[in-house]
Structure formats: structure tokens, C-alpha cells
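One chain, chain A, appears in both complexes that follow, with chain B as partner in the first and chain C in the second.
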Partner chain A sequence: MREELRPKLVGARVKRVEDPRLLTGQGSFADDYRPAGMVHVALLRSAYPHARLLRIDTAAARSMAGVVAVFTGDELAEAARPMVATSKMKDYRATAMPMLARGKVRYVGEPVAAVVAASRYIAEDAARRINVDYAPLPAASDPLRAAEASAPLLHEEVRSNIVLSREFARGDAAAAMAAAPLRVGARFRFRRKAVLALENRCYLGDYHRGRRELTLYSATQVPGIVRDALSELMAMPEHLIRVVAADVGGGFGGKASVYPEELLVAVLARRLGRPVKYASDRLEDLLSTSQAFDEIVDAELGVANDGTIAALTAEVVGDVGAYSIYPWTAALEPVQVVSFLPGPYRMPNYRGRVRGVATPKAPLGPYRGVGRPVAAFVMERLIDMAARRLGIDPLAMRRQNFVAAEEFPYRTGSGIIWDRAGFAECLTAVRVALDYDALRRWQKEARAAGRWIGIGFASYAELTGIGSKIPAAPGMPVNTGTETATLRIDPSGSVTAIFGVASHGQGLETTLAQVVADELGVRLEDVRIVQGDTAGRAYTTGTYASRSAVLAGGAGKLAAAALREKVLRAAAHLLEAHVDDLVAEGSRVAIRGTDRSLSFREIARSVYLQFGRMPPELQEELEATKLYDPQFGTTSSATHAAVVEIDPETFDVRVLRYVVAEDCGRVINPMIVDGQVHGGVAQGIGAALLEELVYDGEGQLLSGSLMDYLVPSAAEIPPMEVIHIEAESPTTLGGFRGMGEGGTIGAPAAIANAVTDALAPLGIEVTELPVTPERLYRLVEAARRKE
Partner chain B sequence: MSGKRRIAVTVNGTRYEREVEPRLLLGDFLRSELDLTGTHFGCEHGICGACTVILNGDSVRACLVFAVQADGGEVLTVEGLGSVEALHPLQQAFHEHHGLQCGYCTPGMLMTALDLIRKHGRLTEAAVRAGISGNLCRCTGYQNIVTAICAAAAAMQSGEPAGDA
Partner chain C sequence: MKPAPFAYAAPRSVEEAAALLAEHGGDARLLAGGQSLVPMLNFRLLEPALLVDINRIAGLDGIAEIAGGLRLGALVRHRMLETSPLIASRFPIIAAAMAEVAHLAIRNRGTIGGSLAHADPAAELPLLALLLEARITAVSTQGRRVIAASDFFTAALTTALAPDEILTEIELPDPPAGSGWGFAELARRAGDFALAAVGVIIAEAGGICRTARIAMAGVGPTPLRAPAAEALLQGGTLDTGAIAAASRAAAAAAQPADDLHASAAYRRHLVEVLTRGALSAAVARARKVVP
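The block that comes next holds the complex of A and B.
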């Protein structure tokens, strides 16, 4: 069979290799490790949003039976440097995040003291017996108040709570806006939300005093970044540090940063010379894991009478919380709002300005979509507002303004390049799947019968699989643009493929095996993917920013091709054939057109065990390491459609139907892509309707449990229809585009537009998310009073 | 707090006797005392359902039950359901239909589903959605979990394996 006609694993619905262990309770999550001699950490966390630490009395805690040690920030001051997320971005003011607070506390939930004890129960008992004298300081919890010159300062050394600002501009937005026949705009707000992976953060440090080796088992997405950080902050060479993230219970960005608790268990393990575990509970997670969104966006869109977009302007204030998240910085989320705001649209004139304001809350950090869910919410609302005013269909208005096929590659208003992607194809596919005209007729009838039914759309584009030419966060001095694969065949003929990525639900052990097996010519079951472990990796970061399929997939392809060459050279010698006549397939190498073949096992045994009989030029290990760098990255895009119904009595929003057409390039495993889209959309629906971290004016968290912080259940999430437009990426190996985040980018905007559409007869515009029953009630009441 | 109690609990068919503090949660008992780490905590206040196990024939949250309350009782955890070599039909259905991603909520989801199927037999999609509404999943958007449970319910009723997707 000719090579191109072989059945391929890439593109097939291959069941996941990681499933059996996870289905039978045999996973290895960080909290599942319990080495001999392990002790537990409980943290005393600040009860105040902003206060001076006058005195910490740990005597009573220390004297309790079962307590091993108690530490304050001052006592561990020499044990590690504070974390400082640096950036080359102009107008960014770096601030330091301590491991344990020193001098003062800056948010409710900030770690103040650590108890180490024989059990978590005892450690928590002891933490309650630590007495802290706080001198409360004034605090501005509201970001607009905190941005004022008179506001109390959180970090005195940077002399302002405005810790970053940036502007993007193209054309003359002011003039074009002034000249535009139609201008629509509003103040939009997307409230603060939690990342909320189901597994709380958990870290286990294990230090071997004899070998001076540190192993950190971490619920992290970025073992490589954590290793680099520990090396720098603890002044240890990297070859003595190993970070393991075997099974991780969801990440969504919340586990993509380095945390004080992670550093703390490493420091304590080194100091105490025994395994030290910290396992967060849910309250601690809601208080201290990096948080998401929380931007106020004043935006305006200028449009010609025929619906052509003329200009976009935006002023963004982002509430970045008390500390700049390591290593991404406080700039990551709010700056991405303005850089992605122009969306997939032709945008001749644009000005977007952003300021990041420090407030006494947990740090803002990466969350699935990063900036783009907020950008899409604002832009897609503006499009609908304009379309309604002009009497143009919302789908037609989008289509008319999309960057067209002949315009790719297209530089957006903020400088991002869209490569050839299926913007219009996605929109058309959604239109067809909905049977759009019939759906609108049904809506009209339902409306006439008194039902509040709405149809909403969202189109977006995102940059995925980012290479080394673009930092993943603005000005961040960490290379996130490369990935390396090492492939090796052992004497048994089985293949080990080692990557630096760190799967936390994406099924990378399956999809990367599909890529490697196809390229190498072996059976899927002969490939074992090693990931989520820094051992054996010179440089690696992890899994975030929709990068793993593109970067690790590309590195895997390159390494597999190089290794296949080695195998074929050895086989040519053994079979006394010419390399060009050989084909590797199904873990065998055959001479084309004959029945003569050798298995990978036979070839490997010959190479390793009869090494002396191989000619000198073939005396090489069956191993290859390749680095892949996609340079700039690629474009992923989608159109989402939501059909909702609002209960006029309870203001509950039911999502009746949800359709996604997405272009992630060549699909490696459609089952896994569907699952990623389903999960992303569910999180987006949660963000649109339910999920909100509520802080009071002082900075106290009011939604610190899952009874107050609402996560969608199976009863709130509708069945979803997912359509794949496989427009292969022209810029990446294999044609893959990243797709882990898109669901969450499109869904809030689509829901906001659908709710607005449902209430169109009342003239209501949804400008704030989540649009909870209470907010809807107030909107409807206000509209009725006006009538 | 002080004063340990002697308890005897049968877990996955094996009888265990241990001295425990009265405040020890059943979930911590399973994880720390018996090394059965398949039962995961997600919230420790009874909302997320990740720690669901079967106690004396009913699904319970192992974060809301003390180990001493299980004294003399029978507990089934995910480790007692099937093995890597021989998956239970419910586990097989989750595998076939991609009903799990990170796998953290999965043990609790499986035990809740088992309880539903044992008590109600064949299940409609709406019944499954209502039935698992006390189990949170952040990865899957529930769709494939619902499909898997419906398929497993049908298969377990008819005695057939939980069919190909």
C-alpha cells in the first residue's frame, strides 16, 4: 500500500490510553502520593484585606502534640527569594509576591504562617491557635476607586495602584469615529470569576539530604516553569530539582502559575529533610488560586450605513488583584483584552487602551481564553447593537466584516497576524446547522405566544500554538515558543516518547501517541508517552495557551521522522536492501512489494545486542531529539450560536440549543476535540450566567463556598452540536491549530447576545456578565419603568 | 477529639478494623488509613460530589460522613467496581463515550451513576441530568457523561456490554 493510502491514526476517534487507570481509581494525583515520614502543612491565612502585621504569636501552636514546626514569613525570609514577575513591557511596575506575608497583608486569604504537623487535622487545629495582631489599613476594593491618586496604596514602593498601562492604535480612530454615521457603545463589565478546577491545588515536596535532590509533586500545568522558578528562588541547580505532575485534576489556567505554597513546601522539605504536603481545601482555592476576568470596558464602534465597520475604541480597566502572577505578570489578562478586541474583523481604525489596577484581592491570572472571552463579549455585543440599529441580520453583519479569504495573512488593529483560517466557513456551517430562517420563524411564533426566546451568535479568532517570536504574556522574558520531543526505541522494540507538556485532562498521552505512531510507522500500543515530568528535559514549560497539540505534535513529528530514518538505515543493513525500498508500518519494516520484513523489536535487538556486528556508521542508539518552534503561531476560530429562553417569573435563563462550528486545523482525534469544545462551552455558560466571585467594598470574599459560587451542573448545560471545519494551518507542522480554550471564548458572548435578543422587545442590552436572575430582573424592571 | 474509637468497616468486600478519631471523615479514612486514593475530595462541604461512595447500598458523600458512622457497614469505592484489565460496564461506557477528561470527578460520577442505575434501571437523558446534578465536572460539559450513563444503564439492564459509540 502506498504510504499516503495507509489508514492513519491522526484523524481517527482513538479511545484514550489514560482512561483505564483514571476509571479504576488508579490515577496518581499529587494528593495520592504519601511517602513514609510525610508531614502536612496547614496555612493561617489573612482575615484582612489590607493590614499591617504587628505580631504573630505561634507559641501555643508550637506546643501542641503532633506539631513539627511553625513558620512565619520573617522566619523563612532567608530560605527563598520573593517571586517577582518581570516584563519588558513599558509602563509595567513589577511588585514582589512573598511566600508568606511579611510586614503587611494585601488580600484576604494571603498566607501568613505555616504549621507543619503529623496530620492535616492537627495542623489545622494548630493554625487556629496562632494569634496575629493586625493593624487594619484602609483599602480600595473597587478598581475605579483604587485607580484614583488619593486611594490607599497597596505597594508603596511603586507609588501607584495602577501597575500597568498599554495602548494599541491603528489609523485615526478618533476621526473615523467622529465621521461614522452610526456609533454604538456602552460600559461593559465582566465580573471576577474563579478558575475552579475540581482538584484543588496540592503540592508535595520531598528532599533527599544525602543527594541534595528535591522532588516536587505538583498539581501544576507547568512543571518546567516551576522547576526553573524553584531553581532561581531557592538558589539550587536545576539538575537537583525534579517536578512531577503525573495526573492533574483540571487546570484551565489556574494551575499555570507558580504559587507561594508550591515554593513553601519545597523550602520546608529542604529545611526539615522529610516529605511535606500541602493540600488546599475549596475555601482556600476560592480565596487564593489566581482569578479571572474582572474588566470594565468602555467601548464604542463606528459603523457605515451599510454595516461596514469604520472604527473601534476602548478604554479598559482591569482589576489585577494584589500581586502580579508569576511568571505571566498582571498584564497577561487585561492586555489581551485590548489586543484581541478587534476580533476576526477588518478594522481600519482602532485605539485600545488598558490600565491594570492593584486591589486587595487574590492575584488575577490566566484562565481559559485569557482576555479573549471579555474581548469577544464586548466586540460581539457591539456588532449586535449596530446590526439591530441598522436593521441588518447579525450573521450578515459579521460575514460582511470578516477578514476575507484573499486578505490573509491579515494584520489586526493591534498587530496580531491572522493566517488563512475558516472564519466564513464556520459561520456558514452554523447557519446551515441551525436551519436559521426556520429558527427565526419559530422564534417569531414563540414570541407572539409570549415566550422570551433569544438567538445569539459569537464569532472570534485566537492565536494558538505560539512560537518563540511572540511572548505568551506581554514582555514576559520566558520562552514559551518551543517544545522538544525525545523518542527512543528500546531492545524490546517499544517506543518511549518524552515531552515537556503536562496534560491535565486533554488526553495528550493519546493524541501525541497518534502523531508519533503515524510518523514512525508503529502501532499505537507500542508507544508510551511520558509527559508531566521535568526529568530528562533540558528545557520545558508545560501545557497552557492552546499550545500542546501544535508544539508537542510538531516536535513529535520531527523526532519520529528522524528516528524512522535511523530504524530504516539499520533495517536496510539487516535486510540487505536499499533504504528507499523500505517502508515502516505497524511496527515492522518491510521491503516494498516483497514478504520480507523485520519487526521493530528484531531491528532494535540487532542494534543493541549485536552492536559489534553493526557497521561503524550504524553504531548509534535508536533515539532522536528534536525541537520545534512554530515561530509565530497560528489562528484558531469559531462561530457559536445559542438559543435561550428566559422564564419571565424567575428570570432563569435556559439554554435550549448550542451549536459550535470551529476551525482547529487538522483534527488529531475528533472525540477529544468534541470533548474540549463541550467543556469549554460549559465553562463559558457558567461564566455568562452563574459564576461570580463577589467581594464587598472592603475586599472580603462573600462567595467562598460552592453554595455561593455557582458552577453549572448537568441540569444547566444543554446538549451541544459541534462541527469541525478542518482548514489546515499553513504555518504549523501537521496543519494543527490549538483548540483547548475556544469554547470558553465564544460562549459568554453568544449567551449575552441571545439573552439580549430574547429581551429585544423591551429594548434591553446586556452589558454585564454574569447575567444572573437578579441582574436580569433589575434590567427588566428598569425597562418597564421607562415604558 | 481525643479518644479513638475502634471501628470495623467492610470496604470492597474486605473487612478492616482500625482505631480512628471520631472526627475522621470517611473519605480520609479510605484515603489515609486504607490507601484507597481513588476517592477524591473536591470541596469537603458536600456540593461537588467527587468523593461519592456507596455506603450500605446508598450513595453518600465521603466528606459528609464520619468513618465511625460507617462502623459495621459496607462501603463500595471505585476500586471495587472493576479493574484496569476488566472494566465494569459503567467504566467501559465512560471509556467508549469519552465520559472523562482529567478523571478527578470520575470516581464520584461513577458511584452516583451506579446508584442511579441500580435504583432506576433504564434511564432517560433528563433523568440522568437530574440524577447527576449533584456531581460537578469541569472538563466534559457533561454531554459525554450523560451519553455514557444512558448507554451503561441500557447495557446493564440487557446484560450486554456497553456497546461501541
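The block that comes next holds the complex of A and C.
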């Protein structure tokens, strides 16, 4: 068989190799590690949004049986430096995040004191016996209020609650807007959302006094970033620090930052010389894991009468919470809203301004889609508003304004570059899958029968697999643009492939093995993927920003190709053949056109065990390390369609149908891509209809448990149809594009448009998400009053 | 999220359990399905010194026919109510409502006694007890007494039970012959506590409404009846006009409050919508238009 025609693992629906372990309860999550002598931490967290810490009395807690130690922020002041997320961004004011609060607290849930005890039960009992004298300070929980000059300051040293601002501009947006025959706009609001991974955050610090080595078992997406941070904050060389993220139960961005609790267990383990575990419970998770969205966007779109977009302007206020998350900074989410707002559309004139405002809430951080769910919500709503006013079909209006095939690479209004991508192909595929004209006819009939049916679309583009030329967060000094793979073959002929990425549910042990096995010419079962552990890597960050398939896939491909050359060279010697006549396949190397072959095992044994007999130029280990840097990154895109029905009396919203056509370039494993889309869309539906972190005017979290913070369950999620458009990426090795986030980007916008479409007879525009029955009730009441 | 320390006892009889309650007074708590109690312990909203687990007391989980009704033991699980043929034939409204309670795993554990004693204002079983005019038996070392459902729910999460009393059984008198029922609720997600729930029983004779009962939950500190709405229907014909008027009257009788999930105004609106739906369904059932 010709090599090109061999069945490939890349592209096949390979079952996830990690699933038997995970589904039978044999995973090793951070909380599963229980080294001898381990003690537990419970945290006393602030009950006040903003207060001065006067006195912390820990005597009663200390004296309880089973309590090992109790610490306050002041007592650990020397143990580690505070975390400061820096940025080269011009108008960014860096603020420090303490490990335990010192001087004052800045949000409800901020860690104030730590109890170390023999069990978590005892630690919690003791934490309740710590007495703290708080002197409450005024606080502005509403970001617009907090942005005012007279608002109480959270961080006095930066003299304003506006901790960042930035502007993007192209053309003359003001003039083009003034000249536009049609202008549509609104104040859009996407409320604060929790990240909510299934596994709560959990950290276990283990310090070996004899070797002075620190191991941190962490439920993190970014073991590499955590290792670098611990080294710097604790003043330890990195070769003494290992961060292990073996199995991680979901991250979605909430585990992509370095947390005070993570630093705390490391510090306590070093100080106490015992393994120290902190396992967050769900209440703490809702209070203190980084949060998402929460932007107010005043946006306007100027359109010509034929539907051509002329200009877009936006003013964004982002509520970034009390601290600037490490290392991404508070700028990550709100700045990304402005930079992605123009979407996949030709945008001659754009002006987007953003301000990030500190408020007494848990810090805002990365969340699946970062900025783009909000950007897509706003842009896609504006498109529909304009289309409706002009009497143009919403799909036609999108298609007409898409960056066209001949315009790639296209620089967007904010400077992002779209490489060749399948914008139009995705839209067409959705149209066909829906049988769109028939669907609209059905909608008309259903409406005539009194049903409120809506059809909504969202098209978006995102930048994935970002290389070293652009920081993943604005002005961030950390390099997130490279990934290194080390592949080695041992004497048994089996392959170990070591990566710096950290799978937290994506199935990287499967997809990376597919890529490596294909390139190396071995069977899938002969490849073991090592990831989620800093031990094997000089420099690494982790898994976030839809980077792993592109970057680690690319590095794996390069390293596999280099290793294959070595294997073929050795085999050529052993088989007395020419390298060009050899082919590696199914863990064997054969002389093309003959029945002579050697297994990888035979080759490896010869190389290692009869080393002396190999010619000097072949005396090398079967190992290769390659770094991959996609330089800029690649465009992923999709069109989503939602069909919803609203109960005309109760305003309950049901999603009847959901279709996604997405372009993530070459699909490594369609089953995994489907799973990523399904999960992302489910989160997006939650964001659109249910999920909201509600803080009161003072900064108290009202939706602090899963009784009040509502996530969708299977019953709320419709079946989904997913169509894969594999537009080749000209910019990445293997043609892969990132696809871990897209579902969450498209779904809120599609649902918002579908709900608006269902309400079209009443002239209601959905401008606030989540759009709950309560909000719909108020919108409908207001519309009826107007009539 | 760990409970404070507590002691645990698992008595084998109601007498033993009652004795433990008498001994420990307000410091002891009964543990039935644990689906409401255990979260409250973990949140440390309750810190009882002793948990008295009644799950091992025999004979508390029966559903039995009695003259003119059914008797349900306190340990009858939600799932038993949902699937029992006896319930399906005698009180189909209970089976229907149980499908709206929580999720299967919770319904497998949750008990009727626990739900009534817990008295969540939005819970279905308290609403049904009020609607079906249940008689609730409480036992303590002092003896036994029977409490009418209408006297049982006194405030949010508060009942007429004394701290040393055990709810042992519930008697449900059969609704009037030929009556129809309706039940409607809206929850944010499948299995959530209702934003508002309405149950109705109506009976007609000769085209005239003889019995009309309307009860609602989620719209007041306790489940509520809507006597004015019931009065509007009784003695009249059950046409759309009467149903609409009664639904408005039910909404007026609601005492909703604003919370995270819904405003009082929206809840009141829901009561009207749900009552209309439940009454229409009940009329159709009474007239055998639907089963």
C-alpha cells in the first residue's frame, strides 16, 4: 500500500484512551493523593466585601485538639512575595494579590486565615473559632459606580478603581457612523458567570526537607506557569519544584491562573515539613475561583441600505473584581471583548474602547472563550437588529459581510489577522442542515397557531494556537507561544511522548497519541503520552486558549519526524538497506516491496543492548526533542443555529434544536471535537438562560450555592448536530486549528438571537444575558404597556 | 462544608425514637431521607448534638387502604408515591406531582414525612397535603395527636410539630367521587423547587361545581389555599370565564416575595397562568375528556 493511502489515526473516531481509567474511578486527581502525615487546611474567608482588618484572634482555634497551626497573612508575610500580574499594556495599573489578606479585605470570600489540622472537619471547626475584628469600609459593587472618581478605592496605591483602559481603532468610525443610513445600537449586558468545573480546586503541597524538594499536586491547567510562579514567589530554584496535574476534572479557564491557596499549601508544606492539602468545597469555589464575563457594552453598528457594514463603535466597561489574576491580568477578559468585537466581518471603520474597573468581588479571569462570548453576543445581536430593520435575512446579512475567501489573510479592525478560514462554508452548511426555508415556513405556521418560536444564528471567528509573536493576554510577559515535545523509544520498543500541556478533560492523551503514532509509524497502543507534569520539561505553561492540539500537536509531529529518521537510520544499518527504501508502519520498519522488516522493539534492543556494535554515527539514543512555535496562530470559526420556543404565558424558554458547523481545520478525532462542541454549547446555553453570579450592591454574593447558581442539566440541553468543515490552515503544522472554546462563544449569541426572533412580534430586543423567565416577563410586560 | 460534630442513633421503634427526642429536646434531629437535613448540616445551618435516624424503624413505609382513603407511613419515599399503583389509581395528582420533585436519586431517598416536616414553602408534598386535606399523625412520649394539614404549616420551614414529636403517618381522605385534578408548576430547571406550583381538585354535579379546592406553593411562607377563588367556582358552571376569574382570585391570594429567581409580580402572574392551566385540566379530567 502506498504510504499516503495508509489508514491514518488522525481523522479517525478513536476512543479516548484515558476513559477506562477515568470512568472506572481509577483517575488520580489532586485530592486522591494522600501521602503519610498529610494535614488539611481550612480557610477563614472574609464575610465583608471591603473592610479593614483590625485584629485576628486565633488563640481559641490554636488550642483545639487536632489543630496543627493557624496562620494569618501577617504571620506569613515573609514566607512568599505577593502575586503581581504585570503587563506591558500602557494603561494598566498592576495591583498585588496577597496569599492571605493583609491590612484589609477586598471581596467576600477572600482568604483571611488558614487553619492546619488533622482533618478538614477539625480545621473547619477551628476556623469558626477565629475571631476577626473587621472595620467595614464603603464599597462600590456596581462597576459604573466604582468607575466614578468619588467611589471608595479598593487599591489606594493605584488611586483609581479603573485599573486598565485601552482603545482599538481603524479608519474613521465616528465619521462613517454619522454618514451611515442605518444605525442600530444598545447597551448590552452580559452578567457575571461562574466557571464551575466538576472538580473543585484542590492543592497538595509535599516538601521533602532532606532534598529540599517541593512537589505540588494541583488541579491546574497550567503546571508550568505554577512552577515558575512558585519559584519566583518562594525564591526557590525551579529544579527543586515539580508541579503535577495528573488528572484534572475540568478547568474551562478557572484553573488556568495561579491561586493564593496554591501558593499557601506550598508555603505551609515547606514551613511545616508535612504534606498539606487544601480542597475547596463548592461554596468556596463559587466564592473564590476566578469568574467570567460581566461587561457592559454600549455598541453601535452603522450599515448601508444594502446591508453592508460601514462602522462599529463600542464602549466596554468590564467588572474585573478585586484582584488582577495571575499571570493573565485583569485585562484579559475585557480587552479581548474589544479586540474580537468585529468578528468575521469586513470592518472598514472601528473604534472600541474598554475600561476595567475593580470592584469588591472575586477576580475576573479566563473562561472558555475569553472575551469572545461577550463580543459575539454584542456583534451578532447588532447584525440581527440591522437585518431586521432592513428586511434582510439574518443569514444573508452575515454572508454578505463575511471576509471573503480572496481577502484572507485579513486584518480585522483591532489588528487581529484571520488566515484562510471557512466562514462562508460553515454558514452554508448550517443553512442546509436546517433546511432553512422550510424551517422558516414552519415557524410562520407555528406563530399563526400562537406558538412563540425563534430561530437565531451566531457566526464568530477566534484566534487559536497562538504563537510567540502575540501574547495570549494583552501585554503579558509570559511566553505562551511555544510547546516542546520529547519522544523516546525504550528497549521494549514502546514510545513515551512527553509534553508540557495539561489535559483537564480534552482527551489529549488520545489526540496527541494519534498525531505521534501516525508520524512515527507506530501503533496507537505503543504510545504513552506524559503530560500535566513539569518534571519532563525545561519550560512549559499548560493547556488553555485552544492551544494544545495546535502547539503540542505540531511539536509532537516535529519530534516524531525527527525520531523516525533516527529509527530508520538504525534500521537501515540493521537491515543493510537504504533509508529511502524503508517505511515505518504499525511499529515495524520494512523494506518497501519486500517481506523483510524489523519491529521497533528489535531495532531499539539492537540500539541500546548492542550499542558497541552500532557504527559511531548511530550511537545515539532513540530520543528527539522539538519545539514548535506557530508564530501568530490560526483562525477557528463556526456558525451556530438555535431554535427556541418560549411559553407565551410562563416565558419558560426551551431550546428545541441546535446546529453547529465549525471549522477547526484538520480534525484529529471527530468524536473528541463533537464532545468539545457539545460541552461548550451546553455551557453557552447555561450562560444564555440560567447562570448568573448575583452580588448585591454591597458586594455580598447572593447566588453562593448550586441551589441558587443554576447550571444546565441534561434536561435543559437539546440534542445537537455538529458539522465539521475542514478548511485547511495555511499557517499551522498539520493544519490543526484550536477548537476547545468555540461552543461557548457561539451559543449565548445564537440563543439571544433566537429568543429575540421569537419575540419579534412584540418588538423586543434581548440585550441582557442570561435571559431568564423573570427578565422575559419584564420585557413582555413593558412591551405590552407600550402597545 | 463539613458538618459540626454530632452523635448518631438508629432506633428500631417509634417509642425508642420518641424517647431519644424527649431526652435530648431541641438538641436532637430526626434523619429520614437526609436530602434536606444533610445539606443543612453541611452548611452548618443546623448543628444538632444528636441525629436520630428513623430509617430502621419497621412499618413506617407502607401505603395502605383505609376506610375512605389511604394511609401513608412517614418513610414512604417520593419514588414510591410516583410509582405505586395504589397512588396512581386513588391519587393520580400525587404521582404526577412527584415527577416534578428533584431528581431520581433524591426521590429514591426523600420521604413524605421529611418533606412535610421540613416544610419548604415551594415543596410539592406540603401543597398536596393542604389540597387533599391530609391528617397528619404526630407521636411523642406524651402520646399521639392528629393535626389537620391546614393547621400544620405555620411559617417557612416551620410546622406545628413540637421538637420531640415524630410524624409517623398521613391519612388522605378520598376526594369527592367523579372529581378531576390538575397540577401545574414552573421551575427554572427540571427538578428544581418550583417558582410557583398550583394543585386543584374540582367536582361537578349536573353541570354545577360542587367542590373546588385550589392550593399553591412557592408563593408564600407556607403552602396556601385560595378560598376566595374556590368560592367563585363553587355553585357555578366551570366555563372559561369562571376559570379566568378564579385564576385571578388565586393570584390575588398569593403572598409571593422577591427573590433571586423571580420577582413577586412574576410569581403572582405565574399563579394566575398555572391555576388556569390546572383548572382547565381538572375540568377536562372530571368530564373524562382526558384521563
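FYI, the second predicted complex is superposed on the first by the 787 of 787 C-alpha atoms of A that agree within 3 Å, B and C clash if a C-alpha of one lies under 4 Å from a C-alpha of the other, contacts with A are read in each partner's own complex, and residues count from 1 in each chain.
FYI, contacts are C-beta pairs under 8 Å (C-beta built on N, C-alpha and C of every residue); 3 or more make two chains touch, one makes a residue touch a chain.
Note that the structure is a prediction, hence the values are computed from the model and not measured.
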Task: Partner chain(s) touched by A:S703 [first = chain B, second = chain C, both, neither] - done: second
TODO: Once the structures are superposed on A, label A:S713 by its partner contacts, choosing first (chain B), second (chain C), both or neither.
DONE: both
- [ ] Have a look at where A:A538 lands relative to chain B and chain C in the superposition and call it first, second, both or neither.
- [x] neither
Task: Dominant toucher of chain A (residue count), chain B or chain C - done: B
Task: Which of chain B and chain C A:L609 touches, first, second, both or neither - done: neither
Open item on the list: Contact-wise, after the overlay, does A:E18 reach chain B, chain C, both or neither (first, second, both, neither)?
Closed with: first
- [ ] Go through the superposed model and pick first if A:D652 touches only chain B, second if only chain C, both, or neither.
- [x] second
- [ ] Look at A:Y777 in the shared chain and tell me whether it touches chain B only, chain C only, both, or neither; answer first, second, both or neither.
- [x] second
Task: Touching partner for A:L144 - first (chain B), second (chain C), both, neither - done: neither
Open item on the list: With both complexes superposed on chain A, which partner does A:V681 reach: first (chain B), second (chain C), both or neither?
Closed with: first
TODO: Across the two complexes, find the residues of chain A that touch chain B and also touch chain C.
DONE: 121, 125, 281-282, 705, 713, 715
Open item on the list: Under the stated contact criterion, what part of chain C meets chain A in this complex?
Closed with: 1-5, 43-44, 186, 188-192, 195, 260-263, 265-266, 269-270, 273-274
Task: In the complex, chain B residues that touch chain A - done: 1, 21, 23-24, 31-32, 35-45, 47-48, 50, 77-79, 81-84, 87, 91, 94-96, 98, 100-107, 110, 125, 128-130, 132-146, 165
Open item on the list: Looking at the complex, which residues from chain A come into contact with chain B?
Closed with: 13, 15-16, 18-27, 29, 31-32, 34, 119, 121, 125, 196-200, 247-250, 252, 281-282, 504-507, 671-672, 674-675, 677-683, 705-707, 711, 713-715, 717, 719-720, 743
Open item on the list: With touch defined as at the start, can you tell me which chain A residues reach chain C in the complex?
Closed with: 120-121, 124-125, 128, 281-283, 649-650, 652, 690, 694, 702-703, 705, 708, 710, 712-713, 715-716, 772-774, 777-778
